[in-house]
Amino acid sequence: GGSDDSTSDSSESAAPEAEETKEVKIGATSGPYADMVTKAIKPGLEEKGYTVEVVEFSDYIVPNRALDNGDIQANLFQHKVYMENFAKENNMELSDLIVVPTAPMGIYSNVFASMDEIADGAEIAIPNDPTNAARAFLILEDEGLIKLDENVSPLTVSENDIVENVKNLQFVPIEAAQLPRSVEQVDLAAVPGNFALASDMDLLDALVLENMPDEYRNRVVVKGGEEETQLSKDIIEIVESAGFEEIIDAEFQGFGKPEWMENR
Amino acid sequence: MIVKGHVEGLGERGDAMIRVENLVKEYKTKKGIIIGVDHVNVTIEKGEVFGIVGYSGAGKSSFIRCLNLLETPSNGEIYIDGVGLTSLSKQELRAARLKIGMIFQHFYLISAKTVAENIAFALKAANHPRKEINDRVHELLEMVGLADKAEVYPAQLSGGQKQRVGIARALANNPSVLLCDEATSALDPSTTKSILKLLKKINKELGITIVLITHEMEVVKEICDRVAVMQDGKFVEEGPVYEVFAHPQEELTKHFISSVLQFDLPAAIVEHCAGTIVKIQFKGAVAGEGVISDMLQQFNVKGNFLHGKIEYIQDIPLGIFIMELQGSSSAVADAISYLEKRTEQVEVIRDAA
Amino acid sequence: MPLDHIVSILPELNKAFFETLYMVGISLTVSIIVGLPLGILLFVTDRGLFLEQILVKNVVGFIVNLVRSVPFIILLVALIPFTNWLVGTTIGPTAASVALSVAAIPFFARVVETSIREIDKGVIEAAIAVGATPWMIIREVLLPEARPGIIQGATLTLISLIAYSAMAGIVGGGGVGDLAIRYGYYRYDNTIMFTTIIVLVLLVQVIQLAGDIFSKIVDKR
Amino acid sequence: MPLDHIVSILPELNKAFFETLYMVGISLTVSIIVGLPLGILLFVTDRGLFLEQILVKNVVGFIVNLVRSVPFIILLVALIPFTNWLVGTTIGPTAASVALSVAAIPFFARVVETSIREIDKGVIEAAIAVGATPWMIIREVLLPEARPGIIQGATLTLISLIAYSAMAGIVGGGGVGDLAIRYGYYRYDNTIMFTTIIVLVLLVQVIQLAGDIFSKIVDKR
Amino acid sequence: MIVKGHVEGLGERGDAMIRVENLVKEYKTKKGIIIGVDHVNVTIEKGEVFGIVGYSGAGKSSFIRCLNLLETPSNGEIYIDGVGLTSLSKQELRAARLKIGMIFQHFYLISAKTVAENIAFALKAANHPRKEINDRVHELLEMVGLADKAEVYPAQLSGGQKQRVGIARALANNPSVLLCDEATSALDPSTTKSILKLLKKINKELGITIVLITHEMEVVKEICDRVAVMQDGKFVEEGPVYEVFAHPQEELTKHFISSVLQFDLPAAIVEHCAGTIVKIQFKGAVAGEGVISDMLQQFNVKGNFLHGKIEYIQDIPLGIFIMELQGSSSAVADAISYLEKRTEQVEVIRDAA
């Protein structure tokens, strides 16, 4: 099987001088971002003569560690704030190459028709991983429902860091992919866009969608100092190509495009 | 005569308690069909103690386990007290089993239950009301001499005590038949004796028919009325115990009996003897008639006992002696013919002439 | 380790601890209630036994193996409609207990089957010979005789449940294991990580000890 | 179920299948190599046995319990530095195998201990009486006598490993269970979820069957 | 005389093979200390067959297991062939055990190894080279009569065959001592006989000292030179087998012997008899002298054998008869005093007068 070569080449590190390395591994979390790498980035790289393996992770920590370790050469699953904090906390250098279209998180409800109607003490399901939880809290903060401790790092933010809870929301942390399945169970649910789309939810049904500055959009990330490698350049080139956007338009409808893509 | 008197002594006898017709038990194994019981026919009377002996693998357990359908017979019919077991429904079979007690070599008590609970278990199987059960359990424990062990777990009992519990359990529902599969084989000789005594008492006092497997002729001698010798799934010999001991027909039977009535003369002794060596057997009342004494006094021979024994098989003596007769050859010949006349069982092992 | 930090998480740890107890308590109870009869069924319907029903035995055996082969997370998802129907919610400790129970049932059933299989067949035969009904044999022979093994098996199941309950976080079940993952793992809080793991280890050791003692007490052999 | 959809996934399923075999193969091998001696150690150092060493027994027993109490995901992550040192990578099936092995070792050790405990003590005493060395007793008495039980235990471990290997996705390990999770759970693709689960169930049944047969063959009792 | 001759027959005797000094074995249990062996002193000669009898729990197994340190004695010293076992290192103890074979009631063979491999195991323990092992295994199998079963697994053997394998394993390294803990208790009588015969052969041909636990006096009678009776961890009686059978001192010993030499006269028979009932015991050569014959011919009494037996204990006869003597009371009295003079062992059970 393909398992042997997936590991035996780990010694071929992605150091700058290893530009001639044509075997690359790109990590992504399971779901749309892994699909985005597979469908929209991998074919382009292969055209350029790379052998690409997409490594799917069901975790938010291991992909960065693997990157730092040289086990993968790039990953796609995180936004800038998470990346920077992760790098700081874990004493590693991470650099983002380019922002990709990202599905906005939305607050969904089968109970309330609008954010104004939210009753005191309502139950809200939020992602249990910090990267997605931070986004959920930001939406709520934007809506004036909560206030977060200003000193807390987005990397570790949790419901415990809420200093003001206007409507006394009850938080139920749930595995992100599980959130679409729990909408019916709770008053409110903060569902990451990728899983909302995967489960055939309509993003327009959201009471409110994430106001997404680019720093909260996902991006392709490489190890610090590798921004200038040929691989990095090739990835940026592919993502910037018109073909990439075509694929996004065809297969990733509803994903919010980053500024650079919107503005060109 | 005494034999007959003994049989008549038990008034309840004479009706068939167990009738086995053409019983066959085959086991289907990966290596083919193994025959456990091979066309056995036998009738066991009410109140009888019926022994079965035979070597390991002869089919003794297979046979006895067919009697309460622990093994389903491959063919043939079992009647217990007139009821054909093989045609019963599951429900009826359970009811029939209440009347067939069984005890095992390894007791098979429920280790997690006390002695009293083990016995109560059998009573519950018969749907006795709880109050009655307590009384009956005590009665049974009294009977087997374990009244003080009611609240004790089997692990704390000796082998003999465990078997007593097994017996109490088997007797709980007043069965008419008691099946014993090597009930004493795991016990030491003196415990064996006490268990046999208990079985004898049960047989006498309650009139229960007992079928008993053993590999010790001592046990047969002690307790059985009739005995069957099994080999390769068949009853190769069967008859009243005394008769089988006195006149064994089959080699196998002789072999078994030899464990009780065996007379190997050490070679040195035989060489040492100058006279004629004879083996004399006395049966029943004859043993009490002083034949040897008469012979010694009537003929001018000197008798020397080399070997021998008098056994009481169900209180009837069976004597076998090996004697050296010394004297003039005519006197010895006369003595022998006198013995032959009175015992009909004389064998000359070595003629001095 | 900063002691005041430990103190500050105590309320949360306390809550998580009771969530864990709640989840594994329910699951153990359910798996005993359902798994015990299933385990008995697996035994008594086997070839040569007093309720021989090879078909039943094979079907139940297959289902048991099936449930044991499905990854827990998939089981969790597959069970969502059932969970919703049964407990009216698909999130929280109660919902997590449903999946935990379903996972534990076949495990416990196998454990029960194995324990019962160790009973001397002679004891069962003696009960049959006495004229006991299948129900009596099950209740008064199989269960009492297998009790020490079943208790050991319940201990094993309980410990496995504690390990599995860490995954309850997927459906917001909470519990100590989830606390360890959410704070210790995702949020790099080593204090919580170690504290929770120590709690888990202690809990497991206490359960093991209690199981051993209890099993010894009921063992009359 | 759309057949062409299943066909489209076949290459991936095939790859995942071999990844699973690879992961559980390595982990089973390691857990046998390390767990077998540990299990033997747990037995022979126990009170009244021929290498009695209560301290060793207790320390090993505690470590075994400890590893068994830690949630798998925490174990997986806690082991990352060790994994990197050992196999030079922290992702992929090889890296997942490290964590799976570490989790399986104490499990298998307990299984081995239990199997060996079922050997009649008399047989061990007879070997001691014959003047055999501890090593001879282990190699020529304990192992051959416990072989059927150890094989059954290895089957049990293997099946548990398959279930656990579904979590290999955390470190990008792949495998059939992870495939089921990736498609069934993250992508809401029920077709693939069912297909993969059928593969898993079949795999488990085949392993169980093979284990049963093999264990019967070596059983000379 | 014959007794003496027999002892001299084995030239190797006379040196102490096993010396047990003040042996104590205590078991520490939750319920307190249980004493298994209580200050036993005994010396067993080279080439002797030493039997130990006693009820369950008497301490027989505890004693024999101390002889090869399977149990560590709580106190006292064991010397085997002059070597004090308790002071040996583990290594030395293993070497010493090579010279002490042991066989068990339940055989304890390695079920996963063939018969040949089971025996080879013992040889490997002594570090024999592989080639030698094969030859020796065959030699041993030949000796125990299992040459054709080399490649068979124990499960396919009968009990007797399993014990033969056990014996072959125990003899593999030419031990000087063979310990047997109820080696025949799990076997049926005829298999027991064949195993005893084998042990006897080993004792005679190889001169191996045998210590043998049994609860059957038959076994002691058949094979032992000396016997000890154990109770509560102590040797309550000990001596040459013939002497112990002929003159048992302790109640317990008498009880054991009664299983071999027991004469319960059925009550009916005793009532039936009119004459004087006497019990006469003949020992050794006296049994061959025709005392009864002489008595019957010299006095005017009629003798009637009610019960009795001649046993050969190690080829020496021991006879016990219960006779009814009928005649004038003076003639009977004379006959009895004549018997007393010649046998020194007459007991009047019931005087007709």
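Chains: A, B, C, D and E, in written order; residue numbering restarts at 1 for each.
To be clear about the criterion, a contact is a pair of C-beta atoms (placed from the backbone, for glycine too) under 8 Å apart; a residue touches a chain by one contact, two chains touch by 3 or more.
Every value quoted in this text rests on a predicted model; they were computed, and no experiment measured them.
Chains that touch both chain B and chain C: there are none.
Under the contact definition, chain A and chain E share the contacting chains D.
The interface with the greater number of C-beta contacts, when D-E is set against A-C, is D-E. Between chain A and chain D, the centres computed from C-alpha atoms are 35 Å apart. Mean C-alpha positions place chain B and chain D at a centre distance of 56 Å. If you average the CA atoms of chain C and of chain D, the two centres end up 20 Å from each other. Annotation for chain D: residues 77, 181, 185 touch two or more other chains. Of all residues in chain A, those that touch two or more other chains are 61. Pairwise chain contacts present here: A-C, A-D, B-C, B-E, C-D, D-E [touch as defined].
On the side of chain A, the complex with chain D involves touching residues 1-4, 6-7, 10-11, 25, 27, 29-31, 34-35, 55-59, 61-63, 65-66, 69, 71-72, 177, 180, 195, 198-200. Chain C meets chain A in the complex at residues 12, 77, 80, 84, 89-92, 169-172, 178, 182-183, 185-189.
Only residues 62, 65-66, 68-74, 77-78, 159, 162-163, 166-167, 177, 180-181, 184-185, 193, 197, 200-201, 203-205, 208 of chain C touch chain D when the two sit together in their complex.
Across the interface of their complex, chain E is touched by residues 120, 122-123, 125-133, 136, 140-141, 144-145, 147, 218, 220-221 of chain D.
Only residues 55-56, 158-159, 188-190, 215-216, 255, 259, 264-266, 268-269, 272-273, 287-290, 292-294, 296-297, 302-310, 312, 315, 317, 319, 321, 324, 326 of chain E touch chain B when the two sit together in their complex.
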